[in-house]
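In the part that follows, the structures are each spelled out as structure tokens.
Same chain, two partners: subunit A is paired with subunit B first, then with subunit C.
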Partner chain A sequence: MAKIGIPHSLFYYYHYPLWKTFFEILGVTVITSPPTNRLIINKGLNLAVDEACFPIKVYFGHVEELCKEDIDYIFLPRMVSIEKKGYICPKFMGLPNMIKAALPNLPPVIDITIDLSKTDKKLKSDVIKIGQLFTDDNKLIKRALVAATNEFYLCRSLTKQGYSMSEAIKVWAGEEVNFSKANDLTICLLGHGYSLYDEAISLNVINKLRNLGVRVVLPEYLERKKVEEYAATVPKRVFWTLGRKMVGSALYSEKNPEIDGIIYLACFGCGPDSLIGEIIERKVKEKPFMLLTIDEHTGEGGFMTRIEAFCDMLKRRREIIYEGNFSTYG
Partner chain B sequence: MKVTFPHMGNTHIPIKALLHKLKLEVIPPPPVTKRTLELGIKYSPEYACMPLKINVGNFIEAIEKGANTVVMAGGWGPCRFGYYAQVERDILHDLGYKFDMVVLEAPDFKFSELFNQVRSLAKNVSLYEGLKAVNFAWHKLNAVEVLEKKLEYLLPRVINKREIEKIYDEGLITIDKCDSKIELKSIVNEYMNKMEGLSLNNAQILKIGLIGEIYTILEPSTNYDIIRHLGRLNVEITRSIYTSDWVNDHLLGSKIKKSNRKHILTAANPYLDYWVGGHGWETIGFAVDFAQRGFNGLIQIGPLTCMPEIVAHQILGRVSNEENIPTMTLYFDEHSGQAGISTRIEAFVDMLKRKNFACTNEYVEKGVVNCSIT
Partner chain C sequence: MQYYLGVDIGSVSSNFVLLDEKLKLQEKVYMRTNGNPVEAIKKGYYKISNNMTSDKLIRGVGCTGSGRTLASILLGADIVKNEITAHGIAASYLYPGVRTIIEIGGQDSKLIILKDEVIQDFAMNTVCAAGTGSFIDQQAARLNIPISDFGDTAATSSQAVRIAGRCGVFAESDMIHKQQMGYPVSDILMGLCEALVRNYLNNLGKGKKIEAPIVFQGGVAANKGIKLAFEKILKMPVDVPEYYNVMGAVGVAILAKEAVSKSGKTNFRGHNFIQTGDFASNSFECKGCPNYCEVAMIKRDGKVLAYSGDKCGKWETTLHNLAVV
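Here is the complex of A and B:
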């Protein structure tokens, strides 16, 4: 039985159920790298150029870790675009080439180009071509694709119960996940999924907040239609898919009375974040907003202090509701 | 309507000519200085790339001089540049500056939008006059570029480097002032002759390819004038980006002159086979092309956190190994120090000289190479 390796990083947190189901129906064993740890991070730091952003560096580490396993193929999709007229980021577009340049002795690479910016017809035929590597049965491939898409939506629907994507994947795989259901405060936590849901990259910010008695609202939890509606209010359509989701979520949260404050987790050196963070900061004026920047040097103590201070501030703000309230933007 | 636009190297000369011929009152921003950058840094997002910061500085200084309309280019990603205009407008409006912004970009939905944008600028001229203005600007652009290329070729070769830089600077000012196509020709000839008339040295010339992001390559204030700096070290620079090639490829559909873009992208294919926004793909393509043409080394430059150049940077190491060409990458931001940059450039050039010019007595005596290190 063929074995395929999928790195436990980047779009793993969005698309893992899809690819796992697809490959398993075709009779392929899926092997993932372990969740991010310090060893993987260090490997990534050695391989990637200094200027790359943190999640990309971590991805390099995951790929190297996977190469140690006994795998026949490694799955490194080129994520160009996952919707019409929207892009992810230039680094994702060149990622398979970056990996190949840094790691010359890779196992055979399956690099499918996922580009829905113009049409989705090409993608389907590409996926079928991948399937043909493992089976000649075209009907089975098509059935696998349908089943995989269903599993993907099933997993994503779990986020409506308050799970983060990484927890949703665990629940989907049959594990039990418990988290504190306290809801003293409600904070909308924004950021790119691949940094937010990776516990090592985000310094486990989701559970840190939950332990402080916060109900954490994640971008997937918010109603998609509303998010799009609010995102459309900025003068120019944001052409980064994830960036647009962030702008929409932030503006929607500002108007949503349930939500007390907004935290944006950005990665240092992230191109889209540098402008999206600025736009949100300038537009969100009615709710407290905090931008946290992380990279491989982030100290957990300083991080914790800022989160605690933000929560304390939100609590105090709630108690003093009269006209002398401090403005949220100085 | 008093129109201004952002600086990018010598492009202000043709842009000014174009807007002027469209019968608009043009107020170009003052040359980029330390104050420009400081203003930009103060008001721009912390880790936005450097061109945005200089743009903001340019606009503030131009508005201070009386401009009330800002013309800016746009785009639809994935490079950050496409969203520059939006962020810049928000920043300046929040600062209380009053102005209109005209963003020229390929339209998202309707082509009529672009037409309206251009029309709103060129209200007072007929279509014929408009085309004539474009033609004149194109000629000015080419005139500027002829001088630029001549300087890149001659600066390492002449003895009196200060003199040739002086002639070049004067040439640009004269081209900027010139108002007719016929005059333009004689100006170019005059300054070419002046430059060629200088006496030459007989030093060994290194050939280095300058690749990377368009703004940092074209704007000397962002790259610490790296082209002249290298020229003074007897290095002949060939750039991967010349404005006329860019205009020809992207705005005029490669109709005006022959384009080698296809060849360049094919050269990149074994290393990078996909478009990554900005000039990342071209950077790799030119790296391979320059290596195959026998250049001695490559210097990649870009603003810090530039996404396409990071992709290219990661791949450049492999190009360097397989095509056997030394490369160096320099990122620029507001903290780059002149001395540090100089040291790195000089060390790179010394290394190339030692690698390429045999350590014969002849060269040691002339001082071209220093072989004293064991």
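Here is the complex of A and C:
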């Protein structure tokens, strides 16, 4: 049976259930690298070009780690666009080439181009071509694609229960995931999924907040339609898919009475973030907003200080608002 | 008299205050951390408690600053709080109605916006420490001017030279250039102060409305040049509190009183624990998983008091289990 390796990084956090289902129905064994750890980070930092953002560097480490496994193919999709008229950051477009340049002894690479900016017809025929590497049964391939799409939506629907995408993938795979259900505060936490849901990259910000008694609302949790509606209020349409989602989520959260404050986790080296963070900072006026910048540093002191101070501030503000309300009536 | 001890262990300075029941400051110690927080905590505690007849007089302890966890392990804290909250509490207690707090320390700079005594917004320098105390220290050393004279010298300047403030490295090369051109030192220093203030306002003040009353605290508030530069650029008066360099400690001491009045007792470990123990800290790389966490441990007389730095919490838990047994 053929074995295919999928790096546990970047779009893993969005699309893993899809590809896993697809390949397994075709009788292919799917192998992933372990969740990001120090060793993988160090490998990535050594291999990647300096200008790349941190999550991209980490991806290099995952690919190298995966190459140690006995795999027949490695799956490195070229992400260009996942919706009409919307794009992923250009670094993703060149990623398979960067990987091939940095790691010469790769197993055969499947670098399907995912570009839905104009039409999805090309992608479908490409996926079928990939399927044909493993089977001649075109009907099976088509069935696998339908099943894979269903599993993808099934997994994503788990985020409505408060799971992050990484937790949703675990639950989807049958693991049990517990997290603190405290809700002294509700904070909308935004960021690119591949930073946010990678515990090593995000310095485990989701659980750090939960441990401070926060209910964390993530972009996938918010109603898609509302997010798009609010995103459309900025004068020029944001053509980065993830960036537009962030802007819409932030503006929607600002008006959503459930949410006490908004945190944006940005990568120091991220081009789109440097603009999106700025747009959000300027637009969000009614609710506390904090931009947290992450990079390859491991010193968590300043990070923790900011999170704590932000939660303290939200709690104190709310106490005062409540006191104020009572006094008016009493 | 009974006291509340506030401790602020920062990157550059370690500060200790004793407040009485009425939250009036009775004693304060401001000293350099010198890269050894354990020693600084021991020494600082010794200095501040020197005139006290009994350690029973300490009713509560609060710790803040980047070394707050360490300090709470050594002293036994009733509250451990981040320095942003601590500074906000202190300033709004001493200056009711304060709207803006500018805090510049050794490695951190912060801007805190308050309304009705509550923090509404804050910003902290992200990846760059240009314009904080350690950079000013370094430049003073390069120009061979004692840091204590820096501000006064800058204040005598009548015409500040223009220095790039975006980045510490550029600021330094600008300064060297101006110095070789023959500009007087006082004008260069004042130019640097203005550059740092511009950098601070661009970085932290971006999108924030700075309103009076403004309080300027933290170690750098000792520098008259920076205060003047703030007043010149903001066109508003800037107040430097009497205890500007220990405000974080004051804030956390106030919070300690609050915490103890709720809990009814203090976690303070007492005089003997700190003074007679032989404290040592070391670290090792945990080989339990590929994360290779750098685990730090604090020992007292060979017995481990605390572990920190392990992502999974494995070492910390072993300690709790031992304590139970």
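Going forward, the second predicted complex is superposed on the first by the 320 of 330 C-alpha atoms of A that agree within 3 Å, B and C clash if a C-alpha of one lies under 4 Å from a C-alpha of the other, contacts with A are read in each partner's own complex, and residues count from 1 in each chain.
Definition applied: contacts are C-beta pairs under 8 Å (C-beta built on N, C-alpha and C of every residue); 3 or more make two chains touch, one makes a residue touch a chain.
Since this is a predicted model, take the numbers as computed values, not measurements.
Once the two complexes are overlaid through subunit A, subunit B and subunit C fit side by side, free of any clash as defined at the top of the document. In the superposition on chain A, A:K255 makes contact with neither subunit B nor subunit C. Using the contact criterion defined above for the overlaid structures, shared-chain residue A:L39 touches subunit C, although it does not reach subunit B.
By the touch criterion defined above, A:K118 reaches neither subunit B nor subunit C. In the superposition on chain A, contact is made by A:R306 with subunit C only, not with subunit B. Of the two partner chains placed by superposition, only subunit B is touched by A:E51; subunit C is not.
The partner that reaches more residues of subunit A, of the two candidates subunit B and subunit C, is B. In the superposition on chain A, A:R282 makes contact with both subunit B and subunit C. Our angle of interest has its tip at the CA centre of subunit A and reaches the CA centres of subunit B and subunit C; in the overlay it is 80°, to the nearest 10.
When both complexes are overlaid on chain A, the residue A:F268 reaches subunit B and subunit C alike.
With chain A used as the common frame, subunit B approaches subunit C to a shortest CA-CA distance of 5 Å. Subunit A residues 268, 282, 293 lie at the interface with subunit B in one structure and with subunit C in the other.
Listed in rising order, the residues of subunit C touching subunit A in the complex are 66, 81-85, 108, 116, 118-122, 124, 126-127, 206-207, 289-294, 311.
Contact residues of subunit A toward subunit C in the complex are 34, 37-40, 200, 204, 268, 281-282, 288, 293, 295, 298, 301-302, 304-306, 308-310, 312-313, 316-317, 320.
On the side of subunit B, the complex with subunit A involves touching residues 45-49, 74, 76-80, 82-83, 85-87, 90-91, 94, 108, 271-278, 280, 304-308, 310-315, 317-318, 331. Looking at the complex, you find that subunit A touches subunit B at residues 48-49, 51-52, 78, 80, 85, 87-91, 93-95, 97-98, 100-102, 104, 113, 234-240, 268-269, 271-272, 274-275, 277-279, 282, 293.
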